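What follows is chain A paired twice: with chain B in the first complex and chain C in the second.
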Partner chain A sequence: MARPAPDVMTRPATATSGPAVTDTPTRGSAAGRRQSPADQRRRLLIPFVGPALILYTVLFVIPILAAVVISLHRWAGSGPMTWAGLDNYTTLVEDELFLQSLGNTLKLLFVVGGAIFVLSFALTLVLRDMAGRKIVRSVLFFPHLVNALVYGVLAGFVFNPDGLANAILRPLGVSTPQWLAQDNLFVLIMITMTWMTTGYYTTILMAGVDRIPPYFYEDAALAGANAWQRLRHVILPLTWDVFGVCAVLWTITSVKIFEIVWIFGGSSGNGIPPTKTWTAAVYTYATAFSGDSVPAFGAATASAILSLVLVTALVVLLRRVMRRDVIEF
Partner chain B sequence: MSTPMPLPRPTVSARRRKASAMRTSTGPLRWAATTLTWLFVLTSVAALVWMVLQAFRDTRAILDRPWGLPDQLSFDNFVQAWTVSDFATATWNSLWVTVVSSVLTVAVAAPAAYHLSRHDSRVTRNLTLFFVLGLGVPVQVILIPLFIMLNSVYLVDSLVGLNLIYIGLSMPFTVFLLTGFFRSLPTELEEAASLDGATPAGTFWRIMLPVAKGGILTAFVLQVIGHWNETLLALTFLQSTDNYTLPVALISFVQQQTYSGADWGGLFAGLCIIVLPMLAVYVWLGRRLTEGLTLGMGK
Partner chain C sequence: MTIRVRWTKALAAGAAAAVALAMAGCSGTDDAGQANQEFTYWSMWKTGEPQQKVLAEAVADFEKQHNIKIKVEWQGRNNLQKLVPALNTNNVPDLVDGSYVKLYPAVVATEQALGLADAYAADVDGKPAGEHIPAKYLADVDIKTADGQPWMLPYQIQSETIWFNAAKNPELKANPPKTWNEFIAALDRLKAAGQTPLAADGDIAGYNSSWFVTLLLRNSGPGALMRLASDKTGAAWDDPAVADAARKVEQLVKGGYLIKGYNASKFPAQQQKWANNEAALMYMGSWLPTESAAYAAPGFEYASFSFPKTGTHASERADFTGFAVPKKAANAQLAQQFAAFFLSKKYQDKWGAEAKVIPIRADASIAAQMAGIKADLDAAGAYHLQNDGVAFPGYNEKTFWAKTDELFLGKITAAQFTTQMKQAQIDYWKAQS
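Up next is the complex of A and B:
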């Protein structure tokens, strides 16, 4: 399509540019004053893509490379960096606190992830032909737009000893549990995460299920398929790629989880959440910026790099596991 | 085919209508699921309404009767949060950072995405991939290097610095979203513009931008939501109260309460200041947002 354009393009231009140019302009003669559109467009690469590329490279890519370098050093943020090789990494792997934080991140990734997918898939099936599905969907989606801090603060109100949960339970004569005890906190965080995230993934899955043309269902009904068979042979195969996208998305999201943990159930005295609830992201932040101890930038960055490695490995793995022949429809 | 079927089946398929073919199942299971879903929806809405209502009551009343309604329409909590707790400064900071960084993000990303989507060559394909790879990088990886970089140019504890960070970090997602969007637009318009003698830059500016308004608005609003709620970076980079954005102000407000006793009224007012603008945006552009966030991901 690009080929015929230059000829037509240059003709009026050369006609006005003076008598020196002959009737049949070649690309060479036009190039002196005016480039062909293809060339012009190619030249636009720099003004169009350049600014985005520079900002992205300077503020994103270079910091990633710098992170790799910093993670190989021992450094308190100022003063000299001393080469540490892989020491930061070996220390991390033996650090109970880091392993616990990473374990929490993995719990969020797999347990909460599993719960989200089961729930949102169930919701998708329920909503598929329910009256008022649009309203339900809009309500379910909204929590995704709210800062996770809000849920953390609200949880503090609901679960504190004089809070809402106990106010409900006490008249019923149920013994009121220590909701915000350190052992319970992370479970509550996981439940809250599931609640606030399910709607988002439901919306994505619904978009996938809605793309399935109705004649597939009609065909399945004609073949006498029951609900389970329809699910197994129509819906699942045709939404498989959407599941893959959701899984990748959740993997990326879950490794970054920070806000909700940071403030969940109110704050403890020194502003840092109890270590039992730490995630990998909290570990990185607290190790670098906690203010109490000497900041260990090397170790903190190493922990972040390990998160990056984890995400990359999981995404590659997911793509391999989820790979199926794409069904065009 | 119809012989091995159980009895009720033929009668159902005899009344074969589109609706019955689409139906997953009927009966108690489905009824229960539908009821549960509605219950869930109602609880969610009630929670939001409850939160807003509590913001109009004082702390003692909230603690005494958490289910109570406000006696009168008292804006005390908001006034208190706005003036004493400095949520006013934080709101302006948030607003400023959000709007500036979102506008600039889209202004920088849209031409890039347009070019990458319309000119297929090895260079553009690799560049697109280069941008998209950034989507998988967790923020905490670049937290410390960015801190050091900005510290060396005195942009730590500065809203300008935070703006820069937000713009840089938003590039992968915005370029990814808009590349997909520009690909979905027909090429005929540009060919016609080119026939009419428009330069490629002019085509983008005068022809494509107006056509792409919807997609660009979606990208913009998604950035607004992301930047309004962003917490980790703001918490790291903003150190003086004057520069706090809303999430950081909220965290510091909660932390003060460990010493001064819980001021739930003020806290609820603070939560409303964070949540309600998002609700307004959602009511205004809801469908566009869900489509942008879901279809953009589906590709």
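Up next is the complex of A and C:
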């Protein structure tokens, strides 16, 4: 669906009084044209957009195109490249480990994403009327400031067989759970991610909720609305665009999650994490940089390109699903 | 339109100027490097490590004696990961170092390794540098390029062994178990005496797999894992010797010899417990004494015995760590000169006595805790590489280690292991073809 263009673009040329263009000789039709803002805009497009476009092309577009080319080859990172066609892609799609890694990425995206949004929204509603909310908000935001690596290393102290968690549980009669067993690692990573990120989205959502003018609530109260109705008819519609932005931000973040997985199971960098915890990003890295076998840059790049396609498709889809008419207030 | 044309021209001129400047910038540095007689070295050691201190001394001595400047970057163990992308540029170091298992994928698989005939021929303490490397290692460990030149100049050997505290378990020093049955009997004795027999950090896949790998090499000799992994039909997994190696790993797991929590902890938690006398034995690389020195219990006396035999095969793991020179290196000659210089007795002695690792030269000093493992290496008749040199793209990380993890962590039985590995390997080679 085409959206209406901004009004400046459709404003008739005669409505303004720009200087006459002197250096364009009359070419057949009109006897000397006046320059419209649209024309001016068009003329300034190159000098203003050009530098950014060049930078973007050099730093992003060309590398992505180069990556596509590399992904069609077998290549150990340097030295000879051999043409592989779409082999890297077909191998990936058939590789159970890649599908499992992709599944983990999707778990982070949807399960952790869902948990974060429910928690953030609940916190936002609780914090809205709370005394000392600014301090609480800072405290909630704090985990997001700390590098994910710290949590990975901390996991060892807390969850090792003789760690803090078991030290607390033992007097309660709980027989020491095997927190860091390979089967439990990914769940721990998901919980840690939720805890780390909730504060960040709470802060964004709170900013959205805070700008709702109080008279909407007063009006709702006068109309006899209960808390649920107020949520349904006032808060949600007026913060919908903020939700949309948060959803896109999380989608992009979740597809890139790497370092916490690497450190959580990866013995602080001394080894590679168990394959059960791999995300698509970890799969890509391990394929290219494992260090203990011949690097497969072609396959790694193919995996990166597939991730890029995935994130693009998801963002487009999300924007479509979340699209509502923005309510001006 | 003239205005647009003018803009385009200006833009084109600007872009051309930028390109010209960039090219001038690139070409400007070339000549300067030659004139000063200098070369670049990306080291696998980090500032402050004992090895780095010895190397730094050699660098300083070499600079003084030969009036050559060495631009050293103490990058640490990921120096070769940085090297691979750098090999596509003109910013290539003249000298790098690393272990065989890391150097091979980075420079040999990419066909970027220079033959080091000059370094091997250079005079060190009165004879060619190459002759300081014991010939029996070179007979088993293949470090030759297609044209027959060695691509690596090793200065250190890493091995692995079964470590224990001789102060606490002197009986193991007096009478070390030599066969697998004696080993199991020793584990039973330790268990009966109330000790935890074995420590292991089960979160490191490479350590977990080393039990199966070494047992297989004991059963079938060096090269057995390479033959097994290379078999595209997977049929090699039906070999009784393979099944036996897997069953012996299962025996360790089911026998309850391993420290509690080894399957749910984070390195180096279990290694720390071992160094604190909470477990008797640890199967680990020759680096263990230096790595665990900081937290070892007072009076801990490092001692070791060779991995028990299951038959006649008794090779020792001998991984080279050494120098390599990329083909693209601009100052390859100087780099080779320094690599040979570092094999001088002076630095090899310090490598053994101060850095407390195993120097390549047979006549170099050795630290007390390394005496046992050095004696085993000297006495051995054959050698094998870490992981038997298997480095097919992704094979270890994605296929092999995932299954040896499950075997060693007690998730699957020996029979399931061989069946699942057979299928996984067939799938692996199908995907590679």
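Note that in this section the second predicted complex is superposed on the first by the 266 of 329 C-alpha atoms of A that agree within 3 Å, B and C clash if a C-alpha of one lies under 4 Å from a C-alpha of the other, contacts with A are read in each partner's own complex, and residues count from 1 in each chain.
Going forward, a residue touches a chain if its C-beta (ideal position, glycine included) is under 8 Å from a C-beta of that chain, and two chains touch if they have at least 3 such contacts.
Treat the numbers as computed from the prediction; the structure is a model and nothing was measured.
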(message) According to the stated criteria, A:F289 is in contact with first (chain B), second (chain C), both, or neither; which is it?
(response) both
(request) Scan A:L127 for contacts with chain B and chain C and give back first, second, both or neither. (result) first
(message) By the touch definition at the top of the document, which applies to A:L172: first (chain B), second (chain C), both, or neither?
(response) neither
(request) Name the contact category of A:F142: first (chain B only), second (chain C only), both, or neither. (result) first
(request) Have a look at where A:V58 lands relative to chain B and chain C in the superposition and call it first, second, both or neither. (result) first
(message) Under the stated touch criterion, name the partner, chain B or chain C, that contacts more residues in chain A.
(response) B
(message) A:D95 in the overlay: touching chain B, chain C, both, or neither? Say first, second, both or neither.
(response) second
(message) Quick check on my understanding: which residues of chain A belong to both its chain B contact set and its chain C contact set?
(response) 47, 77, 156, 160, 162, 266-268, 271, 289
(request) Over in the complex, which chain C residues touch chain A? Could you list them? (result) 1-4, 7-8, 11, 15, 78, 80-81, 84-85, 87-88, 101-102, 104-106, 109-112, 201, 203-207, 260-261, 263-269, 387, 390-398, 401-402, 405, 409, 411, 431
(request) Using the touch definition up top, name the residues of chain B that touch chain A in the complex. (result) 1-2, 5, 9, 13, 16, 18-25, 30, 33-34, 37-38, 40-41, 44-45, 47-48, 51, 63, 66, 108-109, 111-112, 114-116, 118-119, 123-124, 127, 131, 134-149, 164-165, 167-169, 171-172, 175, 187, 191, 194-195, 197, 199-201, 204, 225, 228-229, 231-232, 235-236, 247, 250-251, 254-255, 257-258, 262, 264, 267, 271, 274-275, 278-279, 281-282, 286, 289-291, 293-295, 297-298
(request) Over in the complex, which chain A residues touch chain C? Could you list them? (result) 23-24, 43, 46-47, 50, 54, 76-80, 91, 94-95, 97, 155-156, 159-162, 176, 178-182, 184, 265-268, 270-272, 274-275, 286-287, 289-296, 299
(request) Would you tell me which residues of chain A are touching chain B in their complex? (result) 1, 5, 8-9, 12-13, 37, 40-42, 44-45, 47-49, 51-53, 55-56, 58-64, 66-67, 70, 77, 122-123, 125-130, 135-150, 153-154, 156-157, 160, 162-164, 167, 200, 203-204, 207-208, 214, 217-218, 220-224, 227, 230-231, 241-242, 245, 249, 252, 255-256, 258-259, 262-263, 266-269, 271, 280-281, 284-285, 288-289, 297, 300-301, 303-305, 307-308, 311-312, 315
